[in-house]
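Okay, so chain A shows up in both of these, paired with chain B first and chain C after.
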Partner chain A sequence: MQAAADQIMPVDSILLLSISIPLIGAICISRIDEREFTANVKLASLWTTVFAFIISLMLFEASVERFSFLTFGPSFISVRMIAMTTFLVLVAVMVSQDEINMELKKFHILVLILEALLIAIFSTTDILVFYVLLQLIILITFILLEIFGKDSICAVKFFIILSIGSLLLLLGVIFLVNLTEITDINVLSRYTFSPRQESVIFWTFFLGFASITALFPLHIWLPDTGTETPTALTILLLGIFLKIGTFGMQTILLPIAENSCVHFRGYILELATLTMGYATLAARVQRDLKHIVSYISMGQMALITAGLFSGNVHGAAGASFNTIMHSLGATALLMVIAIIENRVGNRNVDAGMIPLIPYFSPIATVAMLTFFSVPWAPSFLGNFLILSACWNERFPIICLGIGFIIACSISHGFKIHRQIFSGISRLKKMPMNRKELAGLIPLIMLILAISVYPRVILDCRGEQAKEKRRL
Partner chain B sequence: MIYQSELLLVVYIFLSRLLKKKYGRQVNSFWIFIVVFFFLGLEDDSSRANFSFHSPKHAESILKALLLFGGCMVSYALKGQDFEKQTAVAVSVFGSLMAISARNFLSLFIALEITTIPLHWMFWSDCSRKQTAQGTIPLLQNTLKLVFTAEDRSVAPYFIFAMVGTGAYALAIIWMYLSIESLDFSEIRYSISFGHGRSHWWITFLMLNSLTIKQVVCPIYLWLSDTAHGKNLLITPYPLQMASQIIFYKLVTNVFYYLDGINILLTFGFLLMVCSSFSLIFQNNIKQIVIRCILSQMGTMFLCCAFPSHNGLQAMMFSMLAMIISFFGISIVLKSRNINTLADLPAIHRGHMLSAAAISIIFLSLMGYPPFLGFWSQFYLCLALMGWRTAASVIHLVPCVFNMVCIAKILDAIWFPRTQVMPRLPPDHVLRKTIYLITLMLIAIVPLVNRVFSPVRVESYFVR
Partner chain C sequence: MVKYIVLFQLIVLLACQSYQWNSERENRKYLVAALAMLTASLATWILGDQLATPRSEYTFLWSFTEQIPGEFGLLSDSLSIVAAWIVCVITAIANCYSIGYVKKNLAVFLLAMNALAMNTVLLAASANLLQMHIFWTVLTLLSYFLLTFNPRGSPVKSSTGIVSAHAFGDLGFTIAIIALFQIFGNFNFGEKFFIGNDLQLRRLEFVALAILTSIFFKSAQLGSTRWLCQTPEASMPAQSLIHSATLLTAGIFPLIRLQNVFECSELVQNTMILGGLGSMTLYSIKAVFAEELSEILAYSSIAQVGALVVAGGFSAYGAMIIMYVSHAFSKSALIFSMGSVVYSLSGEQKLSNMGGLFELLPKTYISSILTVISMVGVPLMSFYYSRKVLLNEIASANRGLALNCIAVGLVVVAAILTSAYLFRMIYLIFHGKRKLTETSLAYLNENDNFIIFPQYIAVFFAIFSGVFFYYALYVDLIWTDVFAFSYGAVGGYAIFTFVTVNLIGIAVAALICKAITPRNISIQLNYKGIDKFKKHFIHIVQNLDRKYFRKVYLLIAGSGRSNHAGR
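What follows is the complex of A and B.
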């Protein structure tokens, strides 16, 4: 089957196509007259993202090859990340149809360029290209936040903190290039460095990625930026942008500085636990639902980091699984919040709206259960794997700490759920419109499908390890 | 044919003066630079061995091409202005070309003087017509008040330091001749590298310092930015400094490589980078921001001089390209749009998209943002520094943090204005648009070519 797929279209063509389709879409949109053909801009953007998503799905059947022109090549994890990116950009574009009405052309062009860059960064195997793409992604996200965010201070804060973080990353890249004169991640992962050299590589890369993943104390850009932006941008930020950090840790840091990761994992796990505790406590005192989602996302990212650094194959599998489930859960919940905000006019936890929207309760419940990783919800599988990995690797106190924090977070989720459901509304019955349903239902279906068949994103057979050996 | 480019320039200078005197016709020097630029490729290196001005390999041709590109831009800026200034630029570029080909210290001295004197004259004549700003060093200004009039005060320190630099350089040459009995680069390098290094340390120290003073790029010279007040950036000492920097690099890497004296360069480089980048944060005048960015790039070049390895050379080449292209590009944009402060920038993208994009990308490049030209200079320099001391490369990244703050401020002013008023700016004409596009392409595409195909491998006599 794989050979047949390769015969139809080789992997490098698929990858090139999935990177170039958003760029072509952006060029086409730039030629449309925004004032006269507003609907065309939206339609062109929507169809571009649909095509990009379909093309990215074809990568699932493609074999692991090196793209000859630039050093790009999809791996087990990157194929899933690319599919997730194209899907979430599609959802974000759908959400933006009613939400963004000013500077429409700019929004869609920038989002499509961002999509192309994100696909490129998830498929690159060159450490320098990764850094350059990351800087461009930061710049374009900053521009999006500046234009469409409510507070420009948040955008500047975002830009400066992440630029400082990426400078540390640059230092690490330069240190590696100076030592080896190689920028290929697969070749670098076979190098043996001295403990001191590995420590330098580890800390520069880790701090760089930690600023993107919003680990404590480098998280300060996240809560405000996640709140003061339109839902479409929040989806891109929480759903995709945060994942660049964990993706970098998984595909760059762990293979290159394996010994240091084992040596320093105690500190990282402690930091992750601290971040989770802080995020959960901060979320408890918030009333704005978007603030709560931002803080809980910060905690989830810390949990994923803990899974990655647990040094156990179950932990890594759980982290990969949670990376995608968190994106889907956060997106679904953000869409639910947008629906509430459209009807009530605010995003407070006691908005009390849901009983008045037909068919909304089950959808909102699935989204909330997935986001808060309630037991028997699909994302709880990832949490369980991470906890079991910590226990098996003899970190019982950290395991108990994380478990306790997860329990607190779940109880908070239940509390919010009860508050929203039992609130008293002053508004009339308002059903969901077609666009809202078109955005939410595929997402909920996908979440339910993954919960039935998690193997599609769960690396339970150690595919990554096999891939590494093959390379 | 030997010295084709230099000869063409001399012929142009005489013929243009003749035409002006006899028939009252004026030939713009812009075109002569274009012609010389193309003739540069036809030069024959092998027949130069017997001359004191000798150019061995391709690296010098690249440096000359850069200078001629700069000459084109200055001529373009002076288009329609008085004939004397255009001639001065031609003479200055001629001097710079000779300086690049120089093989001994005396010929270098003569060439540098040919380069600097017309520019001094041009700068002075431009300043004497306008009221200039006050300097930023109170003690120096108070002293100068006694000697100079208010109009000359801010430019006077520049001339004083230039004179001191020339004097010190002449003294260093005499001292060198008395102690080594030669002024030839190769002989001096031989003498320095085989056991007599320490005895010549003081001569080197004096030589390097005189050059830095002559170039007016030491960290203490941040006041020099005052000289750009109210003037076109192209008619300031900055283009001159760029030319001198190229010569300086050649000198250091060829002659003083084996001496400890180059540690001075590290100190100057770091101080210049950090001071100019830090002062960027507090600037609202766009010209001051450009000048500080240029000074920061010069700091980068000083550091590159201290590391004449392959990485140092790459960094130097990228830095020079970034500095020259960006400087001329931004100068033309600012002049044509009459932009002086950040307050003139808001909403420039409405109706002037190309100008806004040009300013943004040029600043991103100057401040070392990837993947533009300036970033690759910082990258290769950091690689070179990493090979020497890891801590040095960390310190080198400190100015980048200040630059990020400034970039955020500029982008914020250009693209996200708080006002809805459309800026009243003159429309772009085709030639200007073409220049913007060429500048943007050079800044954006050259580094891409570098990454995709192969690193810029300048087969150079710089690297031994």
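What follows is the complex of A and C.
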């Protein structure tokens, strides 16, 4: 099977293709006249993302054979992230069809470039390349927020906080490169540092990634940015952008500064618990649904961070499971909120209109259960693994605290659910249109499939073992 | 054997689904009810078979992942079959009842109800903690959806309490599972737990406390009673299932199933006894002075489940089985009869507005008086045996004289209070002066047979199920494989005691009815300071992220940008 796949198309060319397809699409779109062929811009963008998604699925087959190509070499984790990225960009473009009608060309070109950069950043093995790509991604996201956000102060906030974070990251990279003159992550992970050097590397890198993942003091860009942008951009932000931070922690920080990670993990777990508590508390008093989603996402990312730093196999597995499930759940819930906003005109929690849309309530319920990670909803398995990791690594109080916070957020989720479902509506019956269904139903099916057969995502131990043997 | 029940319930669910797809075809609701009855009779047959030849089987279904060594399977032993039988019978009765009771969206309601029944059977038949936890939480969700459903139109507003309470309960169980897995390395509770040393014993004590916390949340004991008291607007068939399936199977069933864990520590058992006694006594007193019908139903459920928890604390598992069965059936019979009253009064729940309905609703009156007679413990009926066995077990338990005496005394007091509030309820509803207006009385008449007939079936089970299980467990000694017990400390005094108890109770009820008439005014406490604090707090938290950034930003960027930013 593997050999056959290799014969048809070499592995490096698949990666090259999946990076270059969005760029080619962007160039094509830039040649279309926006005013005359508005539909063509949308269609071109949609088909490009579809192709990119299909190509990225082929990487799953190919990634078993390790290779390096201009410092790019996807591991199993990054292939999963790439597939998720292409899928979510596809969904975002699908959502944007109705939503964005001004500055159409700019939007699609920028999103496609962003997709290419994201694929590249998830597959790189070079720490400098990672940094440069991260800067480019922050820049392009800033431009997108500046053009399409409703409140320009959000974009400024985003840029300032992320600049601080990436400056710290730059310091860490300079320190590391000065020390070792090596930039390859796989080589660096076998390098031994003195404890002091390692702690410097750890804290600079950690704070840099924490600003992307929106841990407590560095989170202020997230809630407003998640709220004041169109749904397509919010999907990209919450679904993919936040995950760059945890991806960096998993693939760069944990291998390079392993001893420091073990040494400082108590602090990190406490910080994550604090962030979760703050996010849940802040979400509880919001009225805007998108605000709530942003805050709860912040809490979820903190939980994923806790899983990564618990220093346990189960914690890492739970973290990577939750990464995927949070993306899918947040995307589904944001699309549900977009549908509500379309019909009612606002996003308040007591908008109350669900009985009007046929077949909407089961879909909305599944999305909500997944997002709030109600026990034994699809995303709970990850939470369970992370909790058990915290318990087994002798952090019982943190385990109890995280569990308490999760329980609080679940009860809040059901409050929202009841408020949405039992409001009094003044509008006529409006069924969902074809575009909305086309976006939502595959997503819900995917979530349900994963919940029935979680091995698709969870069973990565074998792959990791294989990789280690190869190294 | 449980697998056949699950199979039949799947067929019922399919029928419900087909009815939901073709809601115009009204005849399918009868098909659903008939299939549910068939399932109930199958369950009864299986129960009889199990009584004749006790055995336990295990059917493997599928495994979860490699990282979590849990699997799905159906364990069918005496305990799971009893629980499954109760749920099947009550669901069958509730199916018939809701055909008469629910007028709007019947198909969805039947679907939700039968799904809850099937989920409860799967919970009863689970062979490891992981599976138990899964069906436990799904049971919460289904109860929530069932409670949100109001047969009269807009969804019920106060139904989120169940989910918030159970979220914390699930947390306790999750941590218990994790800790138990760390100690023993697997989730199965088929074999007895092996205790190696003191450290393991202490850890096991923690596990038992965590599970007990979650059980207190699930069974609405002291501290988390609010969710059960919040459900008055829900429809009566839904309430009957909540009281008999969710409350009992989620709350009390694990107490019997996980008895090995609880028996490891005396601290946990004493906590159980004290908590159960507290909620039993407090809520019996509260029920005596209740002003709404639904309050009485909720409070009496809490009190009786409290008695069950006390029995669990004294390791009286045989008594628990009898109490479990008789509580489930008599509570659902009471709810069905009271639902008939509420239905004919079109949703009126206040006791102060009722009275003198004896001539207008004769059939309902007979069924409710029969249920009440069974529930107050008149000799040779279910509750008489269940209380007798409970007192027996407490008196012969080896827990110190003081605790035994307090427990016996409080159980007797609770029995007096039970008969007091039940007879007061009957008196206020069916006797006395009529307080309804003439216009509403003109439309009031006896309900149709789909509401009346199920009441009588439920009454039959309420009166005789406890007797049957008493003879099966204690006289014929069939089930010695499950529970070991001894017979007789109370013995012949029981009849005398309970006749006296009931006489005192009736007297108390008459006194209360004379002295305290129910009022229309509800007392509301004002916490102005707390409200003010809450308002300020919410304001601060809402604007925290925005404000402190914006101030810094304005300092740097100057005021020219602020107009632009503020749009």
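The rule is simple: the second predicted complex is superposed on the first by the 457 of 471 C-alpha atoms of A that agree within 3 Å, B and C clash if a C-alpha of one lies under 4 Å from a C-alpha of the other, contacts with A are read in each partner's own complex, and residues count from 1 in each chain.
Everything below uses one rule, namely that contacts are C-beta pairs under 8 Å (C-beta built on N, C-alpha and C of every residue); 3 or more make two chains touch, one makes a residue touch a chain.
Bear in mind the structure is a predicted one, so any value in this text is a computation, not a measurement.
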Side-by-side fit of chain B and chain C on chain A, or clash: fit
Does the superposition put A:175 against chain B (first), chain C (second), both, or neither? first
Touching A:241, do we find chain B (first), chain C (second), both, or neither? neither
State whether A:107 touches chain B only (first), chain C only (second), both chains, or neither. neither
Quick one: is A:156 in contact with chain B, with chain C, with both, or with neither? Answer first, second, both or neither. both
Return the chain, chain B or chain C, that is in touch with more residues of chain A. C
Applying the document's definition of touch, where does A:147 land relative to chain B and chain C: first, second, both, or neither? first
Between chain B (first) and chain C (second), which does A:164 come into contact with in this model arrangement: first, second, both, or neither? first
Using the touch definition from the top, say if A:136 reaches chain B (first), chain C (second), both or neither. first
For A:264, is the partner it touches chain B (first), chain C (second), both, or none of the two (neither)? neither
Upon superposition of the two complexes, what minimum C-alpha distance (Å) separates chain B from chain C? 9
Chain A residues contacted in one complex by chain B, in the other by chain C: 152, 156
Contact set on chain B toward chain A in their complex: 364, 369-371, 375, 379, 382-383, 386-387, 390, 393-394, 397, 400-401, 404-405, 408, 411-412, 415-416, 451-452
Residues on chain A engaged by chain C in the complex (per definition of touch): 151-153, 156-157, 219-220, 223-224, 281-282, 285-286, 313-314, 317, 369, 374-376, 381, 384-385, 387-388, 391-392, 399-400, 403-404, 406-408, 410-411, 414-415, 417-418, 421-422, 424, 454-455, 458-459, 461
Partner chain A, residues of chain C touching it in the complex: 64-68, 133-134, 137-138, 141, 144, 148, 154-157, 159-160, 163-164, 167-168, 170-171, 174-175, 178-179, 181-182, 538, 541-542, 544-546, 548-550, 553, 564-565, 567
Which chain A residues qualify as touching chain B in the complex? 69-70, 128-129, 131-132, 135-136, 139, 142-143, 146-147, 152, 156, 159-160, 163-164, 167, 170-171, 174-175, 177-178, 200
